[in-house]
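Look at the two complexes coming up: chain A is in both, with chain B in one and chain C in the other.
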Partner chain A sequence: MKKLLSIFAVVAFAFSAHAGTLDDVKNRGFLKCGVTTGLAGFAAPDDSGEWAGLDADMCRAVAVAVFGDRSKVEFITTTGKSRFPTLASGEVDMLARNTTWTISRDVNLGFEFVGVNFYDGQGFMVPSALGVSSATELDGATVCIQTGTTTELNLADFFRLNGISYEALPIETNDEGKENLFAGRCDVYTTDASGLSSTRAAASNPDKWVVLPEIISKEPLGPLVRHGDHQWGDVVRWSLNAMIIAEELGITSENVDAQTSSNVPEVLRLLGVEGNYGEMLELSNDWAYQIIKQIGNYSESYEANVGPDTPLEIARGLNALWTQGGILYAPPFR
Partner chain B sequence: MNEMNEVRKPPVATTGIIGWLRINLFFNWTNSLITLFVIYCLYQFIPWILDWTIFSADFKYNYLGEQITNQEMCSRNLDPENGGACWAVIYVRFYQFIYGFYPKVEVWRVNLAYVMLAFALLPLLYAKLPYRKYFLYFTYIFPVIAYFLLNGGLGFTEVSTNKWGGLLVTLVLGCTGIALAFPIGIMLALGRRSKLPVISMMCTLFIEFIRGVPLITLLFFGMVMLPLFLPEGIDMDGLVRVLVAVTLFQSAYMAEVIRGGLQAIPPGQYEAAKSLGMSYWRMNLLIILPQAIRISIPPIVNTSIGLFKDTTLVIIVGILDLLGIGRGTLADTNWLGLSYEIYFFVSLVFFIFTFGMSRYSLYLEKKLKTGINMGAD
Partner chain C sequence: MRSNLGFFSDEKFRSIFFQTLVVGLFALGLFFVISTTSYNLEKRNIATGWSFLQNPAGFDISFSPFLEFKSTDTHLKVYFVGVLNTLLVSVTGCIAATILGFILGIVRLSSNWLLSRLVYIYVEFSRNVPLLLQIILWYSILIQLPRVKQSLQVLDVFYISNRGLYSPRPIFESGFSYVSIAIVLALISSFLINRWAKKRQDKTGQQFPVFSSSIGLIFIVPLILFFILGSPLSFEHPELKGFNFKGGLVIRPEFIAMFLALSIYTAAFISEIVRAGIMSVSKGQREASAAIGLKQTWIMRLIIIPQALRVIVPPLTSQYLNLTKNSSLGIAVGYADLVHGFGGISLNQTGQAIECMAIVMATYLSISLTISFFMNIYNRSIQFKEK
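Let's look at the complex of A and B:
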């Protein structure tokens, strides 16, 4: 009986610890954020050992929302295989690890995707000397493709739908695909568009390669938390939304101080001058102001990490605001 | 008649350099052909590799004399005709390769630990060291010192293992794995040969189970499953979990290597020891194990080298060892595309360590004359 009770106690303790991630984070004094072991533009250590990238900024934004300090975050590196168990076991508070939002991950694995910070999709890259401007012209091409991934299935679907044929050259890793394409062993390399961009940037002469306009799959990448802790989910969700809304309203890290005396009501609400939205989230009232001040709005983070001025040269495309031809859209801040 | 007494020298063709060449490289026409072919390959390869790694390479500055801060400034990217390797990436990232993300103000602790490690290994590696006894005392307490030095405590600021990386992690995993696996392996080997069925069965079961699964599986088990079994309050450090997995793996292999050595000892040795009235432990410690371990040196070093290289697998569970830092560097948009330089550097570091281990084992074999079977004569 005593044994049984102690087991119950342990289980109850485990549940109570899961009940309030926000309180756990506050008590601990820093955020534990799961990122990749290194993916160009999304999360990678820079020369001074600081993590940088779009996903790393997401982690920092949440740290700023909770603590008002962008350095209060510990980055835990995870791989494609270890990311979900690491989150499930409570070893990290959230994942920002270019993870595709799918129904099975959202529902079956017991996670909560709180938004999308990058809309990716499978694309094609060919040598510009091939003179191809659309993927539908690729009849009979040899395609380098990673085996055992959804990209393989998407590729087969796309070619069947367009009534054209291809020859697959199976590869294991991105590096292998790069080498094969550069050596001319395949005409086309297909993987997620962001991956294609980093492959292209790594080429000795990037202008010799073009990424075709067709995107044949949906890969919405976003931060996720454990299912069931809605308060914590809200904090992460609105940290992301605050960055998107800031871009919509034209607030940047540079003009944020001036904007506190703006006459636009939504700006004042976002920056915590009016209303008590911070209190609702159990954060300080200037949480969004601090995110914009210390990290910047979504556009600033995008341009610094993956945008056209970086070696990756990824155009905004789908990731532009809904008002500018993209699908980036955050619910109103009221 | 002096000429008759003169000792005739051996024919020129069998002595000196020419003789050596004739016997070893040009013995018959197939050998000559192979020799010429290899010389041709080396002639093609060596100038190229020297040019790429040294003569045309950038170390800190490119050919314009600017300090390199990203891959676009490498000579070979500025002008594809000009320039070999771009070692600037190693130069800029050297700190990360050696210490990971260890805070800069605390890095003297890691340096001190590296130096102390050398002193701790000295008496183990070199038996004729003066005052070896006192050095050995230091070796025994070194793990404790290293733990507090690297991890913190006793007045040192704590540095979470999450910040460790690069060579530091590789060495911690390699050294701890090898050092702990050795005694555990001996116990398992003795246990497996034990006449007590429960002990022998348990040891056999353990060894066969661990050897039956790949290291990656064990790493995953340690990293992913273990925390699910532990209650929330007990937080086991990620590196410790990996260390446990690596040690278990290595001790199973070590056990089999040492068992091989034990089986090579003739039964006469056991009988002689017993006839002197020695207990089981005295017999093993004084008679059996010294001989068994001596003949197992080559395979012991072999599995140790294997483990040292296998530590790179920890990237699978998200720990950035030397290779992991290299891959992380490749993912930095500043250094995209420098994979040759980074992999070359990482393999060079691994080669230095593993080659050192293998040379040392050779020296040990010669010193202990392991080629002679001491038991059988």
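Let's look at the complex of A and C:
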């Protein structure tokens, strides 16, 4: 009996006691990062089966910060519905999954958003043959909507506010949405504008689809971690900030080596030549250097995954630096 | 040696000891699960409680044939919409599966080689392909139907598209309530006639044409009344306006896919149960009834089926339970049942996973126990009664 009790005690301890996530990740040897089930430009396997995209880069940046190696990450796919339980249960260390930062998620669900890696807004996409030019003309339309998202709530609010009716067709994943939209089961697909661009890019004939001008919500998308583990939150937060600051300072993956002999103090601090910011985060001192070297700065990641030269063709807009007309702003590195 | 094992060799003590041990371990396990859960919930700052049920849902549910649902309604109403949708597909599915299963079970036993082989293939196929795949298959077929603007028109009043089957909706005008009352009265009186006729037949052996007189009562009397009152019934026809058909009745492809998959899958099992039930009635019964000159259809209806039912009903009950529980797969095609609406969307919008799941589980448990309860009553009523 005593033995049994002690077994129970050990199991209970193993379940309840949490060492810091950073230590867990280091001991495990790789990062577990929750991403979408596949949204081109944000996180989707590329031609060679490697996960690529803005969110995938976010995961890799954290892996580089911890291990100095961009391959030390396991991508775990989550649906709009499974993402929060997956994070809360510790199945993943962080989410970088087009997740909108809202007060209820930040406070009530017990998570912590550490920043914004894409400023988005909810839009509508319709077949151009429908001849619709504004979302207010959508009275009576069938709308495909991903369940368990903020967009689902915004949609209800938008139609209620405008006094028009609609019929919701609930779907689970972006792929299901595509399938139903392309088959004509629904007239309209609504999700974050970036997601619409991604869906449109995947259509056999993108010109047959138009994204309506209305943006009906603020959707700041960003990585999040479990609330309460501030050390780990700091690692993820500053991995993102490092990429933004690098863009601000003009450091790219190409010139990062040359920049180590720069005479700008902030550059030297960021690259770990001066100061011991890496140690403060319990990382190696060249963590930010490695992120820039292996992933690139924010702009490089943006242009490669969602920018105007990609099939998604999303201009920088709000996501430009604050110095260039956008609202992307990272706290100073000192 | 004996003194050491004194207590253990006592049968009474031993049984009490082990039963206490089992109960104790169970309680310990339960305590462990509950305390760990509450500890972790607290640690992750996840709010618990039932107050979220009163909060507005904020999202819309379009498939709600019984209750009007708006996004300002509460999560509690989401729950009721879900329960009704679950019951809708379960009840219609059980009825269809029973009818189809009985027909197939009897056909399987037919002496026609081709028919019985065809049923055999059907049964083996649908029993052995996972239900989830069948649901998705039906749905994939249904959304390949023509788009709403190119709807197929059947008999000028039905429209079929990948948005569903649209049909005219009956509108009952003021006088129609008399017709409904007439139908109810006719149903009651045919039930009474049936009882009276049975009693009279038991006593005197005289038969009464119960079937035809009931048909006359139930159909013809209300029909005459209907015309006397000046046909107080009109139809609202669906009309293509803007994006969708407006008006009329609509059956959504999500529901059709669930209904077809559930009833076809379960009918395969029921047909095997029916076949086993019929085969369990000994051959002598059939031969004896033939010997006293009963018609083939009477032999089946009066001799074979009543005896077969005793074998059929208990496993049939568990098929009903299976079908009801399987309806939770509606989430695969976006059918707004209990699991999809309340156990899915509400759960995710509020984050109250444990509460939502507990409610959903308790609901399925209650539905299943209710089905078992009534099927057990029915089962008792058909059991062999010794006189």
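Here, the second predicted complex is superposed on the first by the 234 of 334 C-alpha atoms of A that agree within 3 Å, B and C clash if a C-alpha of one lies under 4 Å from a C-alpha of the other, contacts with A are read in each partner's own complex, and residues count from 1 in each chain.
Just so it is clear, a residue touches a chain if its C-beta (ideal position, glycine included) is under 8 Å from a C-beta of that chain, and two chains touch if they have at least 3 such contacts.
Nothing here was measured: the structure is a model prediction, and the numbers come from that model.
When the shared chain is aligned, chain B and chain C each come close enough to touch A:85. In the superposition on chain A, contact is made by A:201 with chain B only, not with chain C. In the superposed model, A:142 makes contact with chain C only, not with chain B.
In the overlay built on the shared chain, the residue A:27 is in contact with neither chain B nor chain C.
By the touch criterion defined above, A:39 reaches chain B but does not reach chain C.
Using the contact criterion defined above for the overlaid structures, shared-chain residue A:180 touches chain C, although it does not reach chain B. When the shared chain is aligned, chain B comes close enough to touch A:76, but chain C does not. Chain A residues 18, 81, 85, 88 lie at the interface with chain B in one structure and with chain C in the other. If you check the complex, the residues on chain A that touch chain B are 10, 13-14, 17-18, 36-41, 43-47, 49, 52, 74-79, 81-82, 85-86, 88-91, 175, 198, 201-205, 305, 310-312. In the complex of the two chains, the chain A residues touching chain C come out as 8, 11-12, 15-16, 18, 80-81, 84-85, 88, 104-105, 108-110, 130, 138-142, 147-148, 152-153, 155-157, 159-160, 166-172, 176, 179-180, 183-185, 187, 226-228.
On the side of chain B, the complex with chain A involves touching residues 69, 72, 76-77, 80, 92-93, 95-96, 100-101, 160, 162, 220, 223-225, 227-228, 231-233, 238, 315-320, 324-325, 327-334, 336-337, 339.
Chain C meets chain A in the complex at residues 28, 32, 35-36, 39-40, 43-47, 58-62, 71-72, 143-144, 147-148, 162-163, 241-244, 246, 253, 331, 334, 336, 340, 344-345, 347-349, 351, 353.
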